[in-house]
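Each of the two complexes below includes chain A, the first together with chain B, the second together with chain C.
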Partner chain A sequence: MSDYAIELENLSRTFRVGPGRTKQAVDGLSLSIERGEMFGLLGPNGAGKTSTVKILMTVLLPTSGHARILGDDVVEQVERVRRRTGVILGGDAGLYARLSARDNLLLFADLYGIPYREQKRRIGELLEMVGLLKSERARVETFSRGMKQRLHIARGLLHDPEVVILDEPSNGIDPVGARELRELVRGTVRDGRTVLMTTHYMFEADELCDRVAVMRDGKKIAEGTPESLKKQTDGQVVLSLDIIGVGEPDLDRLRALPGVHSVSVAEVDGSQRLDLHCDQQTDATAAVLEELRHLTVLRVSKREPTLEDAYVSLVSGGDATWTS
Partner chain B sequence: MAGTFQRNTGAAVTLRLFFMAGWRSHMALFRWMRPSAFFPTVIGVPTVQLVWFVYLGNYVGTHPVAYYAVGNALHASAIAGLFAPAMSIQGERFSGTLTAVLATPARRSVMFLGRVVPAVLIGFLTSVVMFALAAVVGDVELPWSRLPQLAGVILVTATSCSAFGLLIGAIGLRTREAILMANLASYFMLLVCGINVSLESLPDWLAAVGRLMPMTHGIQAARDVLAGTTGTGVLLLLELLKTAVFLGIALIMLRCLEQSSRRHAVLDEM
Partner chain C sequence: MDVLIRRVVSTALVLSRGWLLELRQLMRSRLYLVTAVILPLVFASLAHYMFAGSQRTEGPLVIALSAGLMGMWSTTLMGSGSAINRLRFMQVLEPLVACPTPTFLFSLPFALATASMGLYSLGATLAWSALFFGMPLELASPVLFVVAVVVTVVSLSMLGLLLASAFILYPTAQALANFFEYPIWMLSGVLVPVSSLPSSVRYAADLLAPSWGVKAIMRSATGESGTFSAVLICSLLSVLYAAITLILLRRFEWLARSSGTLALQ
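Showing the complex of A and B:
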């Protein structure tokens, strides 16, 4: 019996994206997740989280490396992996919109080979747990996003899996719905399951996960507890500028300034917002404004970094040095 | 504690996967068809087709009108038989459920064969209605004594068409062209299966292809049953043999193409 619930060993996946062109979606990823642990896989869109999840779901083959769930190889022992793993997808995909919530669960219960007598009991319990008992006969196409996500959770837990994989479960859900959802996810861990969750919401990972790993461009750039991630920003400040017309050469010059750790840019109401993670001791404000003197700077502010900033610093900055 | 849930792989579970999951999948993918859409599609199209060929055949005069009426009444089972299994996989892709379904440990052979059953039933019932119409507009005599035999022929033919539909549906695991293929197959069958054109009047190679297609022997058997000729058993056995071959190839293709889709990451492509 394996000591770990999930083990990834130098896992890689390459996609063909055009004639003669390939993309390395997952690049030598290694992870070991202990039984009963709640593990978060973080990263921006395109970081390789979903490809990793699909490999663990057994619907995508790795190009190289190994992935094991409870000691079973996801390529060689597919059926055992599928029986012992529950997958909870985010968004609208994965549910039959024209069936009721109960019929969706009945259909998947048959696909998971659950005897009928058990189905009735299990489905009733799960619908109650996710708060959909009153809507069990309504077609899923009439459900809100939050209701669909709760149904996803019920579907993923139908066969009482030992390992649960959640792929961006709170994507597109309102704050109240997301809070309820996190409570449900917490409940799955209390039942003794191992949970791997992908998300790009740092606060969600902070609230739920024992440990997290951050991915960028298919590679793991950091791994540890949320607390150790927060420590990444000790001794830093965030210099925030609203600006018009900043380009990639400007960003490169800013990155090269002494005391600047990382630079991220986002479009905000017709202008751009630059967030520079700088050393607290080195006041880079004057140097930054000098580099941007040919542009219109609308606003400059300085603030203490948040947990989100630590994550942004990792995924937008250079190679991380943080581990714990 | 997770993981203690009792799992059963016995006959009852397999039967539920075959019948109940097959039926629910069918409902999930075709429930958009309210009666206002279902009847024109399943009954309206074959009705127009049957009447059209009966009157065209009458005008051309190559065969008695009953020839066209019987051929087209049986071809009606191909509409449900070809399209429902083809769409059952393609539809999963469009509704975004294919990945979730293929991530389950369900035995693929039982799961996919179960999806053929509703297609067989609908194809059978459609053909029965079309034979009633054929009696009215196509000079087809339906003696009570031969109806059980005719029902058997219709059932075997509908099964054969649905098996061929599953073969086409398997392509939907790898590409998005299963519905186009089902359309092509349906029109091709009109030409080569002895529905409106006898195999003897086709070039030898095309007639040989026609004999390999579903329904060809079933149509001959239906005409023989209605004419009171003996020897339909051999024709039905040949149709059943083709059915077994179609199902066998379909299951092999489903297995290979599922593996290929995992390798090439095409399960989510719309």
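Showing the complex of A and C:
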């Protein structure tokens, strides 16, 4: 019997993506999440977050390795895992669109074996908690994205699970709605309940999570508290340039400059935004501009790194790994 | 004992709620409703005009019944499979599989709902035939007829569920099910009398629960003997189908988790 709420051991999952071609979605992932912990799994698109979640919710088998929830193996002890885990997959779909919010919950209450006597009270409580009591009789197809997301949360908590797993709870929600959702997610942590959530946003993880892990290409590249991730960028500045026509060879030359830790590019309105993480001591600005003198530089600025910068630096950096 | 009774009661409640909610969803699809009203009329007219000019010697009752059974057939046999694909499309299949309840329990309500629609389809075709094409309304033994119809529709939905178990695994299984519809029609004697088929094919027909159901329905309507034995065989085969489906669904759920096909791709 393990003491951890969620334990991944060298977990891997490969998909067939065509004749003779495979894609490694999760690659040797190991994690140990304590009971009562709120844990964030971060990573860019395609990092393997959802695949990991699906293995934990027992709808996908790992290709190799092990995953345990409250000591139960997600392959061997499927029913026990399902009874004690609540899964909240976000998104526009995933609900019975033609049924009302209440009918959706009733259907799943049955399937989770919640006794008839308790169903009414439990569903009432949850609808109240997620603020859908007024719209409980309306069909889900008429719901806004945020309302659907809140219904997803209510459904995931129906059987009062000990472990809750959320996949990108605020994806596609406007900032105000997202803040309300984060409040809701925070509310799901009651005594001893363990929460694992995936997200694209570092600030979200920072606000909610005790610890985070960052994934890239199926692998864990970092793990620790949000604070320790912030510390990573201590003594650095972010040099930000708007530029036109920068190419991969330019980036390689920039990365090789002394005092430059990482370089990331984003397309912004027809130009490119380069973010370089540099040492505060060695001012690399002159050297950088020298390397880019054959290109049109529209704007140069310098700023203190934010938490998001720390994350971006990690995800776009070379083979940087960091643990604490 | 107490535990057992409670289990049975709660399972019955789960099934009946699932059935009701599935029907509610079907009723809220305008396209589905329109087809449900029009199709029996089409079948009734087709049967009337086709068979009226043919060499077949059956009375108008048998002709109307054959038409009604065809409608019931399409509705029931295909219903479960399309229900599973609909769930995949709505991305509900994964949350459903992630429930601790066996897949069989959440699939059975589709079978029940489509069976109800099948019953309605048969009734509507018979009603249209009586109204427009002068089908006589006397049945030789109405009670046996009702029993035979119920047993048949249950057997059809069990066969549908058996085919549908493949839908859990293969999103493309619709083609397979469509492929089976016509031969199963033939084998069960809806289109042509089974006696006109080659003998090897006739043995295959004997393994199909619905073909016994059709026999029972025809016999009870026309007053031939042997309704009861046909009902019995039909029921036994249905139970066998349910058992096979239970095993297949387990196996297919495992394979679908392995291939990752529960998700919409």
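Going forward, the second predicted complex is superposed on the first by the 321 of 324 C-alpha atoms of A that agree within 3 Å, B and C clash if a C-alpha of one lies under 4 Å from a C-alpha of the other, contacts with A are read in each partner's own complex, and residues count from 1 in each chain.
The rule is short, and it goes like this: a contact is a pair of C-beta atoms (placed from the backbone, for glycine too) under 8 Å apart; a residue touches a chain by one contact, two chains touch by 3 or more.
Everything quoted here is computed from the prediction, not taken from an experiment.
Asks: Under the superposition described at the top, does placing chain B and chain C together on chain A give a clash or a fit?
Replies: In the superposition, chain B runs into chain C.
Asks: With both structures fitted on chain A, tell me whether chain B or chain C touches more of chain A's residues.
Replies: B
Asks: After superposition on the shared chain, which partner residues are touched by A:103: those of chain B (first), chain C (second), both, or neither?
Replies: both
Asks: If you stack the two complexes on chain A, which partner ends up touching A:118: first (chain B), second (chain C), both, or neither?
Replies: first
Asks: A:160 contacts which: chain B (first), chain C (second), both, neither?
Replies: The first partner, chain B, only.
Asks: Tell me the contact category for A:266 with respect to chain B and chain C: first, second, both or neither.
Replies: In the superposition, A:266 contacts neither chain B nor chain C.
Asks: Could you say whether A:244 touches chain B, chain C, both of them, or neither, answering first, second, both or neither?
Replies: A:244 sits against neither chain B nor chain C.
Asks: After lining up the shared chain so the two structures overlap, which partner does A:93 touch, if you call chain B first and chain C second: first, second, both or neither?
Replies: Touch partners of A:93: chain B and chain C.
Asks: Per the contact definition in the header, classify A:79: touching chain B only (first), chain C only (second), both, or neither.
Replies: Both partners, chain B and chain C.
Asks: Look at A:192 in the shared chain and tell me whether it touches chain B only, chain C only, both, or neither; answer first, second, both or neither.
Replies: After superposing on A, A:192 lies in contact with chain B but is clear of chain C.
Asks: Enumerate the residues of chain A that count as touching chain B in its complex and touching chain C in the other.
Replies: In chain A, residues 15-16, 54, 57-61, 79, 82-83, 87, 89, 93-99, 103, 106-108, 110-113, 115-116, 155 are touched by chain B and also by chain C.
Asks: List the residues on chain A that touch chain B in their complex, please.
Replies: Of all residues in chain A, those touching chain B are 15-16, 54, 57-61, 79, 82-84, 87, 89, 92-99, 103, 106-108, 110-116, 118, 122, 155, 159-162, 191-193.
Asks: What residues of chain B sit close enough to touch chain A in their complex?
Replies: 1-10, 12-13, 16-17, 20-21, 24-25, 27-29, 31-32, 95-97, 99-106, 111, 262-265, 267-268
Asks: Looking at the complex, which residues from chain C come into contact with chain A?
Replies: 10, 13-14, 17-18, 21, 24-25, 28-29, 90-92, 94-101, 105-106, 254, 257-260, 262-264
Asks: Mind listing the chain A positions that touch chain C in their complex?
Replies: Residue positions touching the partner: 15-16, 54, 57-61, 79, 82-83, 85, 87, 89, 91, 93-99, 103, 106-108, 110-113, 115-116, 139, 155.
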